[in-house]
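There are two complexes below, and they share chain A, which is joined by chain B in the first and by chain C in the second.
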Partner chain A sequence: MEISVLQHLASGNVWSSLWPELSLGCLALALLVLEIVLPKKSHDVISQVAILGQMIILGFVLFCCHSSDATTEIFNGLITLTKTSHIMRVFFLLASIFVSLIARVSLAKQTMPKVEFYHIVMVVSAAMMLLVESSHLIMAFVALETVTIGLYVLVSYSRESALTLEAGLKYLVMGALSSSLLLFGIVLLYGVSGNPLLAGHTLSGMHYQDLGNFLNLNPHNFLASVGIILVIAGVAFKMGAFPFQIWVPDVYQGAPTPTTAFLAVASKAAGFGLLLSLFHTVLLSYSWLVIPVLSFMAGATILFGNFAALTQTNVKRLIGLSGVSHAGFLLLGVVASATIPMALGAVYFYLFSYLLASFLVFCVMAHVAPAEDANQELSHYVGLARDNPFLGAILAIGLGSLAGIPPLAGFMGKFFVFLAAYQAKMYSLLFVAIIGVVVSIYYYFGWIKAAFFESSEQDAGAARPARTEVCWCNRLIFTLVALATLGLGFYQGALGQWLNW
Partner chain B sequence: MIQSSLLAYIGLSAILFAIGFIGVLLRRNAIVIFMSLELMLIASTLALVAFSKFNGTMDGDVFVFFILTVAAAEVAVGLAIVVALFRQKQTIQVSELDSLKH
Partner chain C sequence: MEAAIMVNLMFTVFALVTVIGAIGAVLSRNTVNAAMCLLVCLGGVAGLFVELDAFLLAFLLILVYAGAVVALFLFIIMLLDVKGSLGGINRNFSTVASLAAVALIIAGVAAFLRNAVLPTPNPASVLSVGDTLKSYAELLFTTYLLPVEVVGFLLLSAMLGVIALSRKST
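Let's turn to the complex of A and B:
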């Protein structure tokens, strides 16, 4: 091979475009160095460095990349930077900061080593950004596995708790199973698309766009349909969509609270980011197959999530199953985006409103949780609003937004998704979704009722764990996020234009 | 001629994949479940190499190395979890892991 070929290949490697991921990775490594260098009693500083560092990166991402509207392909087609990838960078950075904040409250109750937690969260967030930016199946698989293996460690982080380890093992087995399904799907698609006997066979069958072009020319290939079904199955596991949601309640309950928040928000969003980038390049070529499958999944996910959440008394299982139903609403938006371009903006707006609302709820959970945080019952919330009105108000805003109560951001998120579904003429799915919303209000309000309207005299016998006091800095951040949730319900202007409907 | 030998490879890899899949669902010992998971990854690798040879592109061969790395990382984390779990509960039979409420 001539040197000029290598030079041409190397010229595509624009490392500087990946600076947010690289700096997150470097920051993560710096935390480990700090842990060695600093004396043990000042280790509390490390988590502050982690949060501040991520905020600075977030500031730069918001400030510097705003003008980049164009689509650039770098690393010879491995990575494509678009406006969407910029939006998702902001999303994952926010999620990573929020998880670090929750971890500061939650890990303080445990005797675990703490620095590695922030380290892995950042590495996983960087991998999630790469996942939604990738435009090549090898890149996507490697990024997805970095995310998944990091999450195995995070789920089983409290290694002295048998419940956490059990959750970790269950997550590992289900996660590895779904990765294998995804991998086999990728292999089949690669094999079929490069087959020299088929029309339009391509040399780069792993590249989304080339693969999509090939599939357009061969719309009813059997092996390709099997591959597409397997790929959807692998992604559905990440999203927690029916029928791959069986791991959700157990793993959400057993994992440490900050990890549960990370799984609920960032991991789900990573699944949707991957699905959306595949959907509009690869999967839509087989819309005769993909649209019915995804529509069925959306309906079944909404119904299953909401009805299974009805009977839960453990708040972590409850929030996990409600997260399943949110995945269903998001899938509704994804299916609608096949014909209605505005649905894409609706899905991203929904993700952001879900991120803010979940953060509020998980923060309250971290403050209320006992030291063994797998057992967080609804009864722990009895009298919360009277003893600590601030946490009560934060919880009410968070849950209200998740339920979709009108002045909050969650309502607008649901409204936009439903509007897109209506324009796409998906009336039966819309009907299912509205049933789901009605059912969900019941269990969210059961939680609010426990916090606001039940007094602790009614079950004086039940021992309640001591609640952590909220420090002023967290108070400020919670108030800002709660105001953002409230404000986005009234005025979506800036974010709405930015998300471009 | 080439087509039929390719089909044999793909058939073998599909059978291996199915054995692994069923093994994960039916076996009760965590270690055997891990072996089944590895079998599924290896089945994909076999298909990948066969496709790569048949299609005349290198992508598949390169992908195999990534898959091997991923499999190694997965097993490293998995065995660590199994060891920690065994210390806590003195068992790795998944049927006895039911402390989390249903």
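Let's turn to the complex of A and C:
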């Protein structure tokens, strides 16, 4: 190959466009350097550096790089930067900051190495950004594997607990299975698209747009439909959607609380980001297959998540199963977005409201949790509102938003998704979703009831773990997030305009 | 003509080595022997790749699978000192699985025998993919540079994870 050709190829590698991911990666490396350089007693600074550094990156992303409607393709078609990728960058940075904040509270109760946790969280967040930006199956798979392998480590992080080990093993096996399903689907799609006997065959079958064009020309190919089903199955594992939600309760319970938060919010959102970018380029060519499959998944996920959560007394299992049901609501929005463009905005708004509400709930969980992280029972919350009104209020706002109680952000998120589903004429799914919401209010209020209306005199004998006091800067952050949850319920304009409905 | 006979002969040899190695890996009770049979099987597959002119694949198979993965298997087998066979439930399960696999193979062969003529595309219309080491390397350092860099981060965080998980708590 001539040197000029090489130069032409290399000129597509616009590294500067990926500066948020690169600076997250560099920050992650800097933490490791700090761990070596700093004396052992001042290691607490490292987590502060991690959080502050990410906040600075978030500030730059928010204010210094304005999101344009233009779509730019860089790295020879591996990465496509759009408005949505900008939104998801903000989302994953926020999620990463929140998880680091929870980790500061939660890891302080444990005796595990701490710096590596922040490092891996940041690397995984950067990989999640790349995942939703990628427009090429190879890039998407590499980013997804970086996410998954980082999460294997984070799930089994508190190695000394038997439940954590069980969770780590289950997540490892399930994650490997889902990756192999996804890879098999990708290989089938790539192989079919390169078949010279078919119309429009292409060598660049890994590229979303080229693959979509090929599938449009061959709308009923058997192998391609098998490939598409396998790809959906692989992504459904990440989202925790039926019938691939089996791992959720055990893994969520066993994983350390910050990891559970990361799995519940960022990993789920990464799955949805990948699904959305595939949905509108590749999968919609096979809408005769994809729409019924995803609709069934949405309905079954909502029903399973909500009914299984009804009987849980461990709050981590409860929040995991409620997360499954949230995946179902989001899938409803994804299916609706096939015909209604407004549904896309609804899905992103839902993701943001879910992020804020989950953060509030997980923060309270991190403060209430006993030293044995996996055993967080509903009974630990008895009398929380009386002993610590601040945490009680935060919990009530978070759970209320998750349940979709007006006037909180979660209500508007559900409302917009349902509105989109109504406009897309998906009446039967809408009916299922409303049943799901009604059921979900029952178990969310069981939790709130434990915190607010049950007095601790009833079980004075039961040992309750000591709760961590909330430091002033966490108080400030929680209050801000709670206000944002409340504010977004009243006024979606800022976010709504930004999401461009 | 001579070359065709030679190619056929080599194919037969490599295919036999592959199949015998695979059967040995499945049937041998001793786990070390099973791993060794897997090694033989992989060698046979590599030979088949060479016959298809896929030199890089053959090389990678030997280097990565035979060299690293099977060596890792052997380490773990010797470390754990596994003896004896699997329990009853697993035995039943593997019987069912192998019966299913046999049924699939028979179905495949039957389908092939019934319509034995595969569609042959016009060779000119088949787009050629680079298969030499050089063309792979050029792709890795130009078009796919970003995934390669990301894999670097993947390996780093995996290594850190192993260290963090295996370290004694402070």
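Everything that follows uses one rule, which is that the second predicted complex is superposed on the first by the 500 of 501 C-alpha atoms of A that agree within 3 Å, B and C clash if a C-alpha of one lies under 4 Å from a C-alpha of the other, contacts with A are read in each partner's own complex, and residues count from 1 in each chain.
Basically, contacts are C-beta pairs under 8 Å (C-beta built on N, C-alpha and C of every residue); 3 or more make two chains touch, one makes a residue touch a chain.
Predicted, not measured: the structure shown is a model, and the values here were computed from it.
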item: Partner chain(s) touched by A:Thr111 [first = chain B, second = chain C, both, neither]; value: second
item: First (chain B), second (chain C), both or neither touched by A:Arg159; value: both
item: Partner chain(s) touched by A:Asn13 [first = chain B, second = chain C, both, neither]; value: second
item: First, second, both or neither for A:Leu197, with chain B first and chain C second; value: both
item: Which superposed partner A:Ala143 touches (first chain B, second chain C, both, neither); value: second
item: First, second, both or neither for A:Gln253, with chain B first and chain C second; value: first
item: On chain A, positions contacted by chain B and by chain C; value: 138, 142, 145, 149, 152-153, 156, 159-160, 194, 196-197, 203
item: Residues of chain C touching chain A in the complex; value: 119, 121-122, 125-127, 129, 138, 142-147, 150-151, 153-154, 156-158, 160-165, 167, 169-170
item: List of chain B residues in touch with chain A within their complex; value: 3, 10, 17, 20-21, 24, 30, 33, 37, 40-41, 43-44, 47-48, 50-51, 54-57, 59-60, 62-63, 66-67, 70, 73-74, 77-78, 81-82, 84-85, 88-89, 94, 97, 99-101
item: Residues of chain A defined as touching chain C within the complex; value: 1, 6, 9-10, 13, 18, 25, 32, 75-76, 78-79, 111-113, 116-117, 119-120, 123-124, 126-127, 130, 138-139, 142-143, 145-146, 149-150, 152-153, 156-157, 159-160, 194, 196-197, 203
item: Chain A residues within the chain B interface of the complex; value: 138, 141-142, 145, 149, 152-153, 156, 159-163, 165-170, 172-173, 176-177, 179-180, 183-184, 187-188, 190-191, 194-197, 201, 203-206, 249-250, 253-254, 314, 317, 374
